[in-house]
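Next, two complexes with chain A in common: one pairs it with chain B, the other with chain C.
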Partner chain A sequence: MIELKEVHSYYGHSHILHGVNLKVNKGQCVALLGRNGAGKTTTIHSIAGLVVPKEGAIAFKDKELIGKTPNHISKAGVGLVPQGRRVFSSLTVKENLLIAERKSTSSEKQWTIEEIYQLFPILKEREENMGNELSGGQQQMLAIGRALLLNPDFLLMDEPSEGLAPVIIEQIKNIILDVKKTGLSMLIVEQNIDLACCVADEVIILNKGEVVWQGLPNELLHNEELLKVHLGV
Partner chain B sequence: MEFFIANTVSGLAYAMLLFLMAAGLSIIFGLMKIMNLAHGSFFILAGYVAYTFSRSGMNFWLSMVLAVIVISIFALIIEKLFISRVHGSETDQVLLTVGLVFVLGDLALWIWGGNFLSIPVPAIFDFSLDFAGMTFPAYRLFVIAMGILFAFVLWYFEAKTRVGMIVRAGVDDMEMVSALGFNVKIIFSGVFIFGAALAAFGGVLSGPILGMYPMMEWEILVNSMIVVIIGGLGSWKGAFIASMIVGFVDIFGRIYMPTFAMAFIFILMVAILMVKPTGLFGRVES
Partner chain C sequence: MKKAFLSTGLLLITILILPLFISPFLVYLSTEILVFAIFAMSLGLIMGFGGMPSLGHCALFGLGAYTVAILSEYTANIYLLLGAAILISLCFSIVTGYIAIRNKGVFFLMITLAFTQVLFLITSRMKFWGGNDGYSASVTANFGFGEITSNMGLFYMMGFFFVLSYFLLKLFVNAPAGKVLKGMMENEGRMIALGYNPKTYKMIAYLIAGSMAGLAGGLYIYKTQFVSPALFSVHMGAEVMIMVFIGGLGTVFGPALGAGAFVFLQNYISTMTDRWPLILGLLFIAIVLLKRGGILHLIQFVTTFGLKLFKPSRSRNAPVDKQVKGKEQAS
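The block that comes next holds the complex of A and B.
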């Protein structure tokens, strides 16, 4: 589905990604873990075109993404649930969904607003509220709904559980599992290792802008050394 | 009382011209984070261009439409050639747009000379309404009606159309809008042209009232920037209210204390900012 090869990204002169390699196959869910500042968001942004890598290659469905603008990358089939949710605060809940809704020629599942409301009934109830009137959990649901309505072939999620209560995290986890069942390929950045290992088929650990480990969720959960050194647990 | 009402009409007409200027300035700032100091130049150039068309025998309305089109195309060129290169750098934006004001001002001086010019009042509004012993110039009433109509058009556009929704989202978070598949360059150009067209429309409307003369672009720019600041950056609704406040203070200030008219407006602005630093309808940045 997507493959990053030796991706180097910068903010101004600071070199953040030092040759990231990763691959997500069709229908696969990969979790990207790592400490704060490891470069996870930068990796997500490099794929979405919000940061333009200086070197390397990002092949998505046999097309090169580097150098394309975010709107082209989005149209090519990449959906983004950004860190911090970033719902539009001066749009209503419904408008936040309407703005994203579009048909896709390639994705298998075609989401509609009604289906998003079935997935998140609370959004239906709060349809006329403004984006900034929602709780953190509701905003996260809205951000996920908005990205699904793009009907992407590949979904990027950046810390969907950040700042949420355990009950809500459980809900978000189940939603991610439901979405995964539709066959959507995903790359999920998480600090919550339990959530990540529960939803992911494969785990990648990033440290200082480099991939330092790659393996199965179970291998990670039984590797205390790894958990301690790179994830601080 | 009669004196007061007659000047209220003048104040409101002036307020609507400021509003047409300030609305564009405010929307462009809200979305593109660019303070376009050359916005007053669009206003006055439109007046000059319409003057030339009307001198060549065209009627007022055709001159107006053509002038607005000419200025919109001109604004597109300015946006593509210059404005698009200075995103993110405030210093560059100020230097560029101030430079444009000087260049365009000299160009206008070269083409239209340094005398006061004015566009004749269109024939169908060239009369006065007598009401309760007072006379109201019909054209001023027309200008007020146009201001209110455009406030309504802006409201409709912003609240009820898909493009308006995308613009509102862009004011919140343009990067996210682009990540949803919308082309930022096209949105920016579109909003810039739209704002310039509003200013151009105001400039032509103002032709029979304020006329055109050298350095006028600065006057109209400063007053409309005060309107934008009082109303709250990025809020055209705030601009609508603030333009009336500034229009009134300006007209009555000129009558009662001519030498202090400008000072009044600045004092008013400072007073409002002390009470509400974001302006009347300004959004609080998170």
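The block that comes next holds the complex of A and C.
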């Protein structure tokens, strides 16, 4: 589905990603873990085209993504749930969803606004509310719903549990598992190890812009040394 | 959509009955207000919904006015004249918009100003069309139902175009393209990540605003019968920007209200003192400091506050058992 080979990304003169290699297969859910500043968000932004890597290759469905603009990458089938939700506060819930609705020729599952409302009934109740009138959890639901309505083949999620109460994190976890059942490939950046290990088929740990470990969630949870050294647990 | 039809209907009724309640002088003044309302609403679209603050929007207004004034020498057909005004302004918008929309904020402002200054220089040197002294035109509106010569006739003519412009703008801002534009103003990067190309949507808004300003300029001539390079001045560009600010940025009707307040105050206060810009300036500062949403938001605020005052308090009137039940539910 998507493969990053020796990706080097920079913010100005700061070298952030030092040759990241990773692969997500069709229908697979991969979690990207690491401490603050490890390069997780930069990896996601490099895929989405928000940061242009200076070296390396990003192949999505056998097509190169580097050099394409973010809107072309989105149209190619890469959806993004940004960090901190980032819903449009000047638009209503319904309008936030309407502007994202897009049919895809390649995606097997075609999401509609009604299906999003079934997945998140609270959004239906609050469809006339402005984006900034929602709670953090509801905004996260809206951000996920918006990304799903793009009908992507591959979904990037940047810290979906950030700043949410445990009970809401549990809801978000179940929603991610529901979405995973539809066969959508996902790359999830997370700080919450329990959530990441629960939803992911494979876990990748980044440290200082490099992949330092890759394996199954169970292996990570039983490796105390790894958890302590790279994730500070 | 329903709201757009409803508000347009209300506006139409207001325009139809307004001359019955105001003095002939106010009817005459309202004609000018309606023209500037179209002009201000067009700037309001790109400023309030697209985040493009243009100090050179008057160029498109001026071009529309000059087009009608010059072409009226050759034809009196109002459809052709207004069509030409819109077309010329649209063409100028295509050229300037292509360059200007690649920039943001103050750079957008300065580029649009630069284009206007070029037109200011050209028109002030064009001796053939009056140069600095301006150019007098003799135009009479005739849509095929007879000549419109009275102030009342002109008022209804401007009123028709004002309501039409309002309705079209309402349709646009309520359409998905309008929502995308608004979203882009809030966060362009996020909208790009959703697969939208911001330049396309900004250009669409810029062209709509340009055509509308051209139409307003064309209509302006039927009121004043005179054009001058002052239409392309920084002063003119700033005035319409103030209209948008005092009326209400980010709304369709707000700029029209701002135009009304501006022209009204300009005409009334200037009869009392020569220092009218000082009073207008103070009003502008007060609105920016107290209520950034402008007059429209001020009206909404006062209405909401008034309704709250007159609304019977639920806690005072509700039976005691219901109050307790309500508190339990809340907790």
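Note that in this section the second predicted complex is superposed on the first by the 233 of 233 C-alpha atoms of A that agree within 3 Å, B and C clash if a C-alpha of one lies under 4 Å from a C-alpha of the other, contacts with A are read in each partner's own complex, and residues count from 1 in each chain.
One rule holds for everything that comes next: a contact is a pair of C-beta atoms (placed from the backbone, for glycine too) under 8 Å apart; a residue touches a chain by one contact, two chains touch by 3 or more.
Owing to the predicted nature of the structure, the values given are computational and were not obtained by experimental measurement.
Following the overlay on chain A, a clash is recorded for the pair chain B and chain C. In the superposition on chain A, contact of A:69 is made with both chain B and chain C. In the superposition on chain A, A:142 makes contact with neither chain B nor chain C. Here chain C runs into chain B after the superposition, and of 6-14, 60-68 or 312-320 the stretch doing so is 60-68. Shared interface residues of chain A (contacting chain B in one complex, chain C in the other): 48, 50, 69-71, 74-75, 80, 82, 86, 88-91, 95, 98-100, 102, 146, 150.
The residues of chain C lying in touch with chain A in their complex are 176, 179-180, 182-183, 185-187, 189-197, 250. Within the complex formed with chain B, the residues of chain A that make contact are 48-50, 69-71, 74-75, 80, 82, 86, 88-91, 95, 98-100, 102, 131, 146, 150.
Contact residues of chain B toward chain A in the complex are 162, 165-166, 168-169, 171-173, 175-184, 283.
Those residues of chain A that touch chain C in the shared complex are 48, 50, 69-71, 74-75, 80, 82, 86, 88-91, 95, 98-100, 102, 146, 150.
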